[in-house]
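Two complexes come next, and they have one chain in common, chain A, joined by chain B in the first and chain C in the second.
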Partner chain A sequence: MLDFSPQPYDWAAGFQHWLAIMVVAGVAAFVSALFISILALGFAGPYHVLVHLKGAVADFVGTSPRRCLAIAKLTFLEALRRKTLLVFVVFAVLFLFAGWFLSDVTDDAQLQVKNYVSFVLRTISWLILPVVLLLSCWGLPEDIRLRSLHTVVTKPVRRHEIVLGRILGFSAIGALVLGAMSLVGYFWINRQLPQSMKSQLTARVPIYGSISFLNNEGSQVEKGINVGDENMFRSFIEGNTKSRAIWDFANVDVSRFDQDRLVLESTLSSFRTYKGNIEKQLMCQYTLVNPKTNLRVPLAPFEVNEFRRNVYDVLAENRNVLQDPDGKTVDLIKDLVQDGALRVEVACLSSAQFLGMANPDLFIRLPDQPFASTYFKSIFNIGLMMVMVVVLGVVAGCFLKGPVATMLVAFVVIVGKLAHGFVVSLVTGDVQYNPNIRMQGRGMFEALYRIPTHLTPGVELQDSFFSRLIHVLDNIELNGLYVIHFLFPNFGLFDTTQYSANTFDVPWSAALLPSIATTLAYILPWILIGYFSLRIRELEAK
Partner chain B sequence: MNLTSRQRKLAYTACIVLLLIPIILLGMPAEPGSAGGLLARERARDGLSESDLGKVDPASSTMSLLLLGFRGIATSLLWMDAQEQQRNKDWAGLRATTESIILLQPHFLKVWHFQGWNLAYNVSAEWDAVADRWYWVKEGIKFFKKGRDRNEKYAELYWYIGDTTGKKIGRSDEWKQFRRFFRVDPDKERFQGNADNQINTGQGRNDNYLEAGYWFLEADETVFRYGHQEHIMAPYLFRSYPVRAQFDYAGTLQREGIFDEVCVEAWNTAFKNWTDSPQPPIKVAYGQMEFDCPIGKIKFEVPLEAWKVLQAQDADKPDVGQRVTHWIGRYQSTTNYLFWRTKSLAESKTQTADVHRLLYEGEEAFRQADFSRGLELFNEGMAKYEKVLEDFPSLRNEDETLEEALIALHFWRDLLELTETDVPDEYPLQEIWDENPQRREHAKDEYKRRRRAPR
Partner chain C sequence: MSTEAVIQTRNLTKIYRDFWGRKKVRALNSLNLEVYKGEVFGLLGPNGSGKTTTLKLLLGLLFPTDGEVTILGRSASDVTKNERIGYLPEESYLYRFLNAEETLDFYGRLFNMSAATRRERSRKLIEQVGLKGARRRRLQEYSKGMTRRIGLAQALINEPELILLDEPTSGLDPLGSRDMKDLIIKLKEEGRTVVMCSHLLADVQDVCDRIAILDGGELKEQGEVQKLLKVQGVTQIKTSQLSEAVIKEVEALLARHGAKVLEVDHPTTNLEDLFIKIVRESAERPGQRYVPPSSGNKPAA
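The block that comes next holds the complex of A and B.
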């Protein structure tokens, strides 16, 4: 089961957002450049800025793929000389011993598949990133230190071609290593997994809907009942009341169904307020609704198998006959899934017991794809993350020395991968999975006041000049942090292990598209920064 | 002194060779036919090497070496991960993390105890299906067994296996299902209608309590085999568990409605093992074991004549703390020795088994609405119960007896009402009814529950 909701990516809104930031950042950079140039060179400064800009346009227009590829080839060979491929030794050692660690962890097929797939994807990800990070951060600074770059820049090669060539070269060696590792990993999973568990290796293709709730009086509510679970991602509906969880599916493409069969899959949580019959699981019932005609078809109830996949083939479970409450026969495709819209209402039938759910817990299951599909999509995403690191490393190497560039990139990657959620919650004040809770007293100045005065975050500050000043200062600081947090790409976005390990196909709109968009969005400005850094820097300054 | 480069190199080599000699002498590993160097001999003498503690896990040793000094940090991070995964109900992650933790802390007893318990009790309770709960109980027991393999000198781990196999399977809400699954695993595909032989090893004659008894006995023997003290409870309590498992076994047969000679024999075996005639595999009866007390060694089972002699000897001792009978009585009271002695003796009699059978069948008849038959069975059962209590008067004040008698009386009185019969002026077990008005109310709840569903 997923513990997050896959959200379709709105690329148009994303592009607009990106364009706005680029325009603002571009204007800010231009104005800053003018200002600095005036300070440095007097009134001749702006002229120099314009010369550089004109040169930049000429450089990019005159880009020669041949020269880029030549530099890429040299970079590739240089990386080989630096014994990059030794990473395979570490990889081989890890995989040789992994069987010891993982083979007898659990007898449960679903859990074991999850362990194997997560291990392989995480290992590949954590091995490839440091390698490309070190290579890309040390490439250009070393060339500058050894003065080999001096020979290159005297040739008819443009600065941005050096940057692009480097990026292409390091990405190519990274892709080679990643490709080899992913193939080994794929066959390793297939070989390690016992025969009896291999049927679990698949890629389920879901169509997700959007969830809403009715409370036990039948009124629309934002969330279901909180039964006291620490993790508030799921909320619950009460059994044998009007409480419902409702999923609305849009754009359901019937042609993708397997022989016109609608298969619903759910992973629901059970919560009992009394023991009841422990040999029977809680009862659940789906009702299919056509949202346009309001035709309702209650389906045969089923027992909920908690933490497991409840696969419900609508026709098979109802003996191929669907009827509305009046007993009139209903055609699944023609009468219910009209114009691609379908509503599924979920009710708990066990009195005074509760069923818990969140958005990704119920979906329409389309015919499965081979496991390789989800696995290699996850690898592709790791590849995108690798390219991001390469670009960042090469760009940092354009204006920093090797060790500093390494530290900078490592910091950006670690914050982007491990602490992005934390940074976002800091700047927005949102607590994950619970929009009702707002972080209080989160500003640095307010904290500096609260800690020595022993004032807990729940207590409001008394309105005074001092408290208003604190809020003003905190607003400045938090807004600054808000701007800065965009500099750290969300590397967690590229980690689609959750999908593959839970044998879900990696969705295009919710996982692949945002990764590709993020990569492109960051690469372009970073390349520009690298180019200008290399163009205006003094190469003699080692 | 001016040395040439070659001379310097030769001097360094000589120094290296000289230093190697004590290193080799000290660190030479033990081999067949050779006790090895000083360090190997010391390690063997104090039982400190990996192989002395239990089965060596190469992965664990490799991990410890690879992490150098960061084992503590890695362990702490893994513990935090495990907690987080449990909170988020990521069971696959939790299971994998526990495996990683034990690779880093293979000889830390509390880790095995905590995580084994966590899997068998906490994680199993999170699942709704009984078969799934059973799976996680097994995971907990298997985890303890893995711990036992790596730490064969820890008597505690044998005891935890016994405790979980006995108590968790036999006393949880799902005890009926668990005891059935112990014999026939619900995972038909994997076990083909047989037991999971990692749990039901065959040492307990296909019963979880007898299997638990085997592990308690192993725990007891481990203490003596290696001379390592266990740290769970006082020895005189710890050593009672193999026989207590037999009590549980016999008591559970009754709960399941088995009152034949198997049940009587189970109580009889328990009585013998508890007092003075050990039955295999138990080698020494509990009552014959010697335990340390502040004034020397004592035994629980003391024949009446010997008891009188001891009393006579103690009569001259003004200080109570110096009296043998005082310490025997005190320890007997802590272990409930006399109660279990009387109880097992009484239950090993056919007439006591008859009482339980009659009351059990009376309840069944009540639930099937055969009220006249039910009344008949209760009348007979209660009369026989009165007779048993006359033979074993100490049972009259014992909780289990009181509860059973009061529930029987509730059923009986209800049956009288249903058959429109007046409560007679005198009836069996009347004294218990009259003398325990508060307990009557408590027993009424259980009686109401049992009216709806069988035990």
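The block that comes next holds the complex of A and C.
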């Protein structure tokens, strides 16, 4: 099961956001350049800035694909002849022995598939990223140190062609390694999995709805009952009460159903108490509702398979006959989902027991796609992440030496992959260790005041000129950090292992589109940074 | 000789600074230089005199602290000027994992040449620099002389109008050095302009039309080699070998005309000519020892 709700990506809003940041960053960079040039060169400085900008436009207009490809080919050959492919040895060793530890650890086919797929995708990801990171971070600095670049820049090569060529070359070698690893991984999963479990290798295609709850009195509430989890993702409904979990599905396309059959799949948690029969499986009932006509069709109850998938073929489970509460026969397609909207109400029928769920726990299951579909989509996303690392590495190499560039890029990748959410909450001042307590003292200057004065974060600062000054300084600092945090992409976006390992198809709008958009959004500004770094740099400076 | 300047520098100054922007060294100080089309121009000077800095400023690898550079009518920072320039760096900073053919193909691509042109020029240049037998070997296996040769080939891949050579004969054996000088003269005959910097004075004297002497980053002398080297107030006469009696008679004749004989000697060849002669003869007659020629013409009685 997924422990997050896939959200469709709003590309239009994303693009507007990107454009706004680019304009602000561009203006800030231009103003800074003017200011620095005046400091360095006096009143002739702005003229030099304009000359560089004009030269940049001419450079980009004069881009030669042949030169870019020449540098890409050189980079590819360089990586190849420096024995980059030795990474396969590590890969092969891991795969030779992984079977010892991963085979037959459980009889649960779903869990076994999850283990194998997670292992393969994570191994590929964590092997390929360090390789491309090292290659891309050391490529240009070594070229500059050994002065091989001198024979290139003294040809009619534009600086951005060097950056683009390097990116293309490293991406090509990375793609070669990734392609080979992914094929080996795919066949390894197929070979390792026992014949009896192979049917689990699939890509489920869900249609997700949006969840809401009714409490025990039947009133609308934001969430269900918390049964004691500190970090509550799933909330619960109580059995044999008016409490319900309600999923509203929009834009249901019946033409995608398999032979007009509606299949609901759920993974529901149970919280059993001694007030009821704790040893008995919980009973659950779906009710289909047409939200436009308010036609309600209660379906046959079923026993909840805890920690397992409950696949419910609506017609098959109801002997191909659906009836409203008055006993009138209802057509599934015409009367319930023809308009594209469907509501599913979930009730727990076991007294004093609780059924837990979150938004992704119930969905309409469309006909499955082949497992290769979800697997290679995850590989594609790893490829995009690899390209991001390559671009970042090459750009860092334009103005830093190899070791420093490596550390910088590794830092950005690790923060972007493991702590992006935390960074965002830090710079937006939304750090909340306890959702019920608004934390005070969120800025550096306020903290600098609170620490020596032993003022706890729960206490407000007294209103004074000094406290207002602290707030102003903190706002400047936090807004600066807010702008800077955009330099750190959310590498977590690219990890779609959860989908593939749980045999879900990787959705286009919620997973692929955000990755593609993020990659494109970062590549352009990074390339510009690399280009200007190389352009204003004296390659022979002592 | 043409008076069209292909390189012009005005008050060209370069100061290297440290990380904090403090002056570290003044490598070049107000250099005014003109190089004309079709000539071989030599930049001379001891180590650290500013020769290589000048070349790098011309190529845009360094930015001037002050002054201006015009090269082929364009600014040194204009990348399009490189389409007409060939550059051989002091060390051959080539990609050592490539072989000779791949190297020339790569640099040819940077000039946007078609595949057919690249193939044709690579073949011709590899033959010209004498690397036909080693064209498939990676550069990391090359000797220093071979690396210089392939470096020269890459500098000529675009058939440049202006060729900048940084210490072109450094690391070459006398034969290679002679070949390099012959090639420079051939390039001049083809109408190309060559700028070379070197501290090997004999090489410069052999090939350069004009020179500039730098020291401590400043221009000390500039002019035509022949004029600069001409020794005033001395006349040299070369004849076939003379007997002692004839020599005395010539001395007497000169004394009657008020001239003073400063030196009468048998000229010697230089070591380079001797070395090349021995090596070439050895190649023609393998296994036989070199026999110096007899004392020459019979002296005039």
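Note that in this section the second predicted complex is superposed on the first by the 474 of 542 C-alpha atoms of A that agree within 3 Å, B and C clash if a C-alpha of one lies under 4 Å from a C-alpha of the other, contacts with A are read in each partner's own complex, and residues count from 1 in each chain.
By our rule, a contact is a pair of C-beta atoms (placed from the backbone, for glycine too) under 8 Å apart; a residue touches a chain by one contact, two chains touch by 3 or more.
This one's a predicted model, so the numbers in the text were calculated from it and none came from an experiment.
Student: Looking at A:69, would you say it contacts chain B, chain C, both, or neither? Reply first, second, both or neither.
Tutor: second
Student: Is A:279 contacted by the first partner chain B, the second partner chain C, both or neither?
Tutor: It touches chain B, and chain C stays clear.
Student: Looking at the overlay, does A:156 come into contact with chain B only (first), chain C only (second), both, or neither?
Tutor: It touches chain C, and chain B stays clear.
Student: Once chain A of both complexes is superposed, is A:77 in touch with chain B (first), chain C (second), both, or neither?
Tutor: In the superposed model, A:77 contacts chain C only, not chain B.
Student: For A:334, select first, second, both or neither according to whether it touches chain B, chain C, the two together, or no partner.
Tutor: After superposition on chain A, A:334 lies in contact with neither partner.
Student: Between chain B and chain C, whom does A:55 touch in the aligned arrangement: first, second, both, or neither?
Tutor: second
Student: With both complexes overlaid on chain A, does A:111 touch chain B (first), chain C (second), both or neither?
Tutor: first
Student: By the touch definition above, which chain A residues appear in both interfaces, chain B in one complex and chain C in the other?
Tutor: none
Student: Which of the residues in chain A come into contact with chain C in the complex?
Tutor: These residues of chain A touch chain C: 55, 59, 62, 64, 66-67, 69-70, 73-74, 77-78, 81-82, 146-158, 538-542.
Student: Please name which positions on chain C make contact with chain A in the complex.
Tutor: Touching chain A: residues 16, 24, 56, 59-63, 77-80, 82-83, 85, 87, 89, 91, 93-95, 97-98, 102, 106-107, 109-112, 154, 158 of chain C.
Student: How about chain B: which of its residues touch chain A in the complex?
Tutor: Where chain B meets chain A, its residues are 58-59, 62, 87-93, 95-96, 99-100, 103, 126-130, 132, 135, 139, 173-174, 177, 189-190.
Student: Which residues of chain A touch chain B in the complex?
Tutor: Going through chain A, the ones touching chain B are 3, 97, 100-102, 105-108, 110-112, 114-115, 118, 196, 230-231, 269-270, 272, 275, 278-279, 281-282, 304-308.
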